[in-house]
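As written, the chain order gives the labels A, B, C and D, with residue 1 at the start of each chain.
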C-alpha cells in the first residue's frame, strides 16, 4: 500500500519512512507513516477533497497544517467514540484510524445539498432574518427543522462517552506556551536561570515552524537545533515539557487552563490512561510564544481543494515529506512566501508562476521565480477551476491580460498574524501595527505575561530566538532568579514593512473570507451596506469568525473588507474579541473524573451499610444518601411507610439522623451567640436541657431550625437541618468573626463525629435502657422531655443522649462516635427486638412530622416568616437577634399572608397533592383567586386519612373552612377542611411519659 | 423596506446591491421627548412600544457601544414563563404572548422557536416544588406539564438515566417555552423603532445626568449634552454605574454569567433542558452548536468574563446529565454582566428624580422578558402609571418587605 | 482568580464563598428611627466599578472571613485581611 | 453482629466494634497498573486521636505556653505542624489547631486536651469524624496533584507543611510527614475518596495496605 503514497517525497521530512501505518478515510484504505497527521497522510495519497462547507456544501480540501484549519474537518472514530468536526491537520495518524467526511449526502463527491449553491444570491448574509415568517406557525413545523437538519457539520454520537478523563494541577515559576524558536529559547533561558518551567506545546513534536522550514540556526539545520534544545530542556530537573498540550485559556491570578491529549494519538486509550487531561497551571510568569497564523489573499473560488496557505505547503514538504501537489502556482504579497516556491522546486514540484498582487514589482520575488523556473507575474488570481480539486487557475496581470495555468496546487499568503489570543483573554485589547499590517499584543497584557516571537510580531528567525531568550530571562528575573547574560542580540531592524493585499477585486465567483461558514467578500460588503459597520456587528450578521476555527485565518481579512466598504482606516476599525478556548476543548476533559456517580462525592450515613443489608431504598438528600424506607419483600411503598409509622407509634422505631448538621459551640459567650442567632432565648437554658430554636436571615425570613442542647455552662451542641448544615456553620462564623468578634465563642462542625439515631415510640425507653451501662437513669423524672446528657452505653462507649422528638412519641436521640455507628444500629435493633423495633426511613419520618405539624424543608422554603410558620410568638421581644428588625416589617406579619395550617380532605381517601394551590370553595383556579399552596402531604395511618400542611392566606383564622385544593397540572380538584396542623396528640402528652 | 419573499427575490436579482441600512445613523438632536439609555433588548423594545403603542416617536436610544453588544447579544436565548410568584408569573406570561406575535409585529424573523423547556427533577421534594410552580403557571393561563421519567426519556433519550449521581425522576415541561435568536431581537426591535422615527445613537456613552430642582432635563454624553423631558434607563449590567451618576444607590450588584457554545453538530437536542442537581442548562442553536450555561461566577464584577472553576462546574454538570457530550468541544465561552437584584426580581419604576425612570434587576433572566419589559416600561413612561403586569416591580418593596423572592435566597444577589 | 488568604496562602476561587460588600455596617439600633439604615444595610449596595471591599469566606480552608480589596473591572486584588482583625 | 465482650480499644472501653470509613470499599491489594513496583501506596492510619483546639479569646499566649509545657511543641502560626511528645499540632486557622496523636488514641486525645486546656481553649473530638489516609511512594505527588490544587513541590511543601483544601470536591486536611502525605478526610466520603484514589492511582499502580 505504501506505494499508493504518490505524493510522498521519499526520504524527506520527519516522518518515519521505515514504518507504515494504515488508516481509512470514507471507507477507503490508505497508508501513511508515523509522524504524519491525517492531513499529511491524505495529501501523500493524493487525496485533496476532504469535506464540505457549512452553508453551501462546497467541496473543501486542506488549507493549513495546524489547529487554525477551517476546512478539513472529519468525523474521527466510530460508534460511541465518534468525534465530529475533528481537524485532519491536527489528528496524529495511528494504525487503524477511521475517519469520515461530513456534511454531505450521499457522498463527499456527490452531495445533494450542494444545490444550495444555486441559491446563493438569496442566501446572502442574514437572509433568514428577512424571511421564513409566513405563516407564523410554519417556523417550528417546517422551516426550523429544515434549517437544523441542514446546519451543523458532523454527527454527534448519542452514546455515553466510553473513555475517561481526569484533571491535574501544576505550579511553576514560568509557563512557556509554544515550542518554536521563541518558546524553546524562552524555556531554556528561564530554566537555566533556575526557574521552575513548564513548556506546553499543542503539537506532538517540539519546534514549531522550525520543523517546517529549511532554516539554519547556529550553523545547524533548524530542525536539529530544535531537537538539541528539546534534549537540553529534558535534561534540566525543573523543566517539564508537555507535548500534545494546548493552553486554551488565561484566567485571573496566573491560572492557565490547558488540555493534554494523552491518548488521542492511539486507537483507544491504553488501560488506566485517560483520553485527555485538563491541567490547571498556576504560573507566576508566562511567556506566550504561540507563533503566527498565516492569512490567505482572497479571490474567486478560493475555496477549491488545492488552495493552500503558503506556509502550510512548506510544512507538508519539509516536515511531512509530502508534496501537496505536482504543479503549483504561488500567489503572495510577501517575501516569506517565496520560500514556498523555493522549497517546492527543491522537492521537484513544478512551480508555474509566482503571482504578486503588490503595486510594485519585487526584485527578490523575480529572482526566486527565476531560480524556481517560474514566471513572475504582477497581478491577481481571477478564477480557479476544478470543483472537486483545482485543475487550473486564471491569472490576470497588472496590464489586464489573463493567462490560464494548469496546476493542482495554489499556495497563497497575505502575510502573518500573531497568535495573540491568550494575551487578550483577560480583557486586553490588541494594538494595530501599521508597519506590519497586523494586530499585535497590546499594552494591557494579563499580569505576569510576556510575549515573544511571531506572537509578538517578531517575524524573523533571529528576532524569534532573541526575543524568546530575552522574555524567558525576564520572566525568571521576576521570579527572583538571576539569569546569565543573553546570548543573542536582537536584530537591529526586524520590521519588514508589509503592503498587504486582502482580496482580488473583480475576480470571478465567490471569494470566501470565512471558509467554514461560507462567508464571502460580498457578504461582508452587504452587511456594511445594511448598516452593520463594526466588526462585531458584521461577525454576528454574517457569522464571520464564528466557526470552529474562530476566524483564525479570516478575521483580519474581514475587518479589512469592512474598513474598505465603510471608507475607514483599517487600524481604526477594531477587531472582535478573542475568547477562550484557543482551540475547541472537549467537554469530557473539562469535567474530568466528575461524571456519572462521581459527579459529586457521596456522603454515607454511619448506618448505610447496615441499611443496605436490610434492603433499604435510598434517596439523595443533598450530598447524602439517606434511607427512604425499609420495604419488606412484596410490600408496596405506601404499605411500608404505613407499617414503619404505625410500628413507631405503637412499639418503637429507629431512624438514622446523623445527617443533621451538628455544631459544637463552646466558650463563655456561647449562650450569647445563640441568643443573637435564634429568635428565642438561649442564654439561660439550663445545663442538661435542649430547646427548639428558629433562625432568621437578616431580611427577616426563616433560615433554619433545630434543637440546641446545653452540655455544660460553656458548651452547646446545635443541630441544623441536613440541607442547611453548611450554610448555618458559615452563618455562625460570620456572626463570630464579622459581626461580633468581641464574643468569646468557638464553633466547629461535629456532623461527622457523631452517629446519631432517633429511637422513638412508647417502648423507646426500654430500648435505650437496655443499651445503657449500669447505674445510669433515664426515667421520666431523672431525664424528662428535652433533657440531655452524657452517658456510656454498650460497655463504656461514650454517648450523648437527648430526649427530643420529631415524631411526637416518647423518643431519644442517642449519639456515639461515628466509628461505632454501624455497631450501634445493630445493637439497637438487637436490644429492641423484644419490643418490636423496626427501622424507619425519611418517608415515615416525614409522615410523623406532618402529623405533628412540624415545619421542615418544604415549609422552610426561604419565603416564609416566623409568623407564617406559626412561630411568631416564639420571638423574644427583649433582645436584638439576626432578622429581628427586618422581620418586623409589616408585610412580613400581615394577616393576609399565607400561614401554616393543616388540611384534611373531605374524603379521607383523596390525596391532597403537595404543590397544589388553594382557592375558596367555590372559586375558580385562577391567579386572582390564589390563596396559598400545599407544602407537604402524607397518609396518616393513625387518623386513616390523607393530611397535609399548607400555607393559606390568613390560614390560622379559617379553621373549619372548606377550601378547594387545585392541581390543574394533573387535572385534580379536591375539597379539604382547614384544621390545626397538629393532627396527632396535639397536647403533646406522648412526649412526656 | 418591508421584508417579504418578494423583496428578497427582487434584491437577489439585483445582486443584493439595493438593500438599505437596517437603521439610520443619525446625529443626536438637541433634545427629545424621551431618551432611553441603553440599546439592549429592553431599551430597543421600549422604544418600539413607545412609538407603536403610545405614538411617542421623538425618542432617542443612546447606546455606548453597538446595539446588541450587551446581554441581549450574549445570552443563552431561553424564553419561558415558568415562574412561581404572583408578582412575576402574569408578567412573564404576557411576555410569552408578545414573543408569539413578535415577528409579525416587527417584520423581522427572530426565530422564535417554541421547542419546549424541560426542567428535570431528582427527588420528591423537587417534584413538589415544581408542581407548585407548574400550578402557579396554570393559574395564570400558562402551559405546564408534569412529566414522569419515561416521558422525559422520550424527549431526551441520551440523558443519563442509569448511572447518575442524581438520577432524573421526571420533569416540568413548558411546551410553549423555547429559544429566540438573540441578536435578531435587538436588530428587529431597533429596525422597527427606527422606521417609526426613533433615533438610535450608537457609540455614545451617557456620562452624566443634568438634574435641575429634582427634575431631569437631559443627559451628558460623549457627543455632548442632549436635552430630554424624560429619561429612561435600561442598561442592565451597568445599572448601578449609570444610576450612580444620578445619585441613586440601588438594591443591585453586578455579576458575571458565562455562556458556552460547542462546535456545530447535526441535531441532537430538540428541546431546552435544565439540570436541577448540577448547574447546567442547554439548547441547540439552529446553527448546530449546543448553547449552554450554568451558575454565575458569584462575585461582583464588571469584567464581562469569567473564571475557570465555573467553566469546569458547567462541564461537570453537562457530563453528568448527558454523558454523550464528552467528545463534543466547547468552541467559545464568554460572559455577560448581570444586574442581580436583592430578591432576584426586576424593577420597573420611577426614581426619586422627576422624569427619570429605571428598568433593571433582570439577573440572568431578562432576555425572555424583553417584549413585556419594553411594553410595561413604555406604559410607565408614557402614562406615569405602572402597568398592571409590572405593578410589583417597585423600589419600595425592599423597605416594605413585599419582596419577590422566587428562590427564597434572601438579600444575597449571588445566590439568586 | 486566586485569593491570597493571610492564613493559608494563595488559593483558587473554588475554596471560597462570596458575600459581597464589606463596607456595610449592621445598625446597632432596632428602633423605628433606624429603618433607613436597616434597608440600606440589607439591600442597598454601592456596587462600584473599580476598587471594592468585599467579604469572602475561606470555607474550604481556614474558615476565616476575609476582607478582600479587589478591582471589579480588572479583578486585581490589592489587599486581603482577616475580617476579624486581631483574631 | 454479636455484642462482644468488653475490650479496651485505643483509649476507650466499648463492646461495640468500630468501623473504618473505608470499610466495604477498599480491600488491601494492588490496583491499576500491575507490573513493576507500585507507584503509590495508601494505608489508613486508624485509631488516631484527632481533635481541634481553638484558643479562647485573648488566651492564645496562654495556650501556647500550656502546649509547650505539656507536649513540648510550639504551636505554629500558620498552616504547618509542630510535633511534640506524642502529638502533632497542625495550624488550621487563626488560633486553631488540629491535633493528631497515635499514643493518645481515639477519644483519649480530646479528653486529655480538654482537661489540660480548660478555660484557655475549646477542644472538640474528631477522632471518629475523619479518616486519615497515608499516601506515599514515588508517584504520590502526581496522584495527589489530580485532586489537590496545592503546590506539593518538596521545596515549597516542606516536611511538616499542611494545607486545608479540597480534593476532588471533598474537604481535606493534608500534611506532610517525612516523605509521606497524610490526608484527613471526612468520614462520610470514605467511599468517594477511595473511588477517586483508585482511579487517580491506577496509572502508577496503587497498593492499598492496612496498618493498625
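The definition used in the following text is that contacts are C-beta pairs under 8 Å (C-beta built on N, C-alpha and C of every residue); 3 or more make two chains touch, one makes a residue touch a chain.
Note that the coordinates shown come from a computational prediction; the quantities given were computed from them, not determined experimentally.
Visitor: More contacting C-beta pairs: A-C or A-D?
Guide: When A-C is set beside A-D, the one with more contacts is A-D.
Visitor: Any idea how many Å lie between the Cα centroids of subunit C and subunit D?
Guide: 32
Visitor: With chain centres defined as C-alpha means, what is the inter-centre distance between subunit A and subunit C in Å?
Guide: 27
Visitor: If you average the CA atoms of subunit A and of subunit B, how far apart do the two points sit, in angstrom?
Guide: Measuring from centre to centre gives 22 Å for this pair.
Visitor: Mind pulling the subunit D residues that touch 2 or more other chains?
Guide: 149
Visitor: Do you know which subunit B residues sit against two or more other chains?
Guide: 303, 307, 399, 411
Visitor: Among the residues of subunit C, pick out those that touch two or more other chains and give their numbers.
Guide: Residues 1, 12, 14, 17, 19, 42-43, 63-64, 74-75, 82, 84, 87.
Visitor: Assign the assembly's chain-to-chain touch graph to one of these shapes: line, ring, star, complete, other.
Guide: Shape of the chain contacts: other, as it matches none of the listed patterns.
Visitor: Using the touch definition from the top, list the residues of subunit A that touch subunit C in their complex.
Guide: Residue positions touching the partner: 251-255, 280, 282, 426-427, 447, 698-699, 726, 730, 733-734, 736-739, 741, 880, 884-886.
Visitor: How about subunit D: which of its residues touch subunit C in the complex?
Guide: 78-79, 91-96, 149, 163-166, 171
Visitor: Can you check the complex and tell me which residues of subunit C touch subunit D?
Guide: Its residues touching subunit D are 7-9, 11-12, 14-15, 60-64, 82, 84, 87.
Visitor: Mind pulling up the subunit D residues that touch subunit A in the complex?
Guide: The touching residues are 1, 3, 6, 12-21, 23-24, 32-33, 52, 54, 56-58, 106-107, 122, 124-130, 142, 145-146, 148-151, 153, 156, 168-170, 186-193, 195-196, 199-200, 202-203.
Visitor: Flag every residue of subunit B that touches subunit C in the complex, lowest number first.
Guide: Interface residues on subunit B, with respect to subunit C: 240-241, 244, 249-254, 297-303, 307, 309, 342, 398-399, 411-414.
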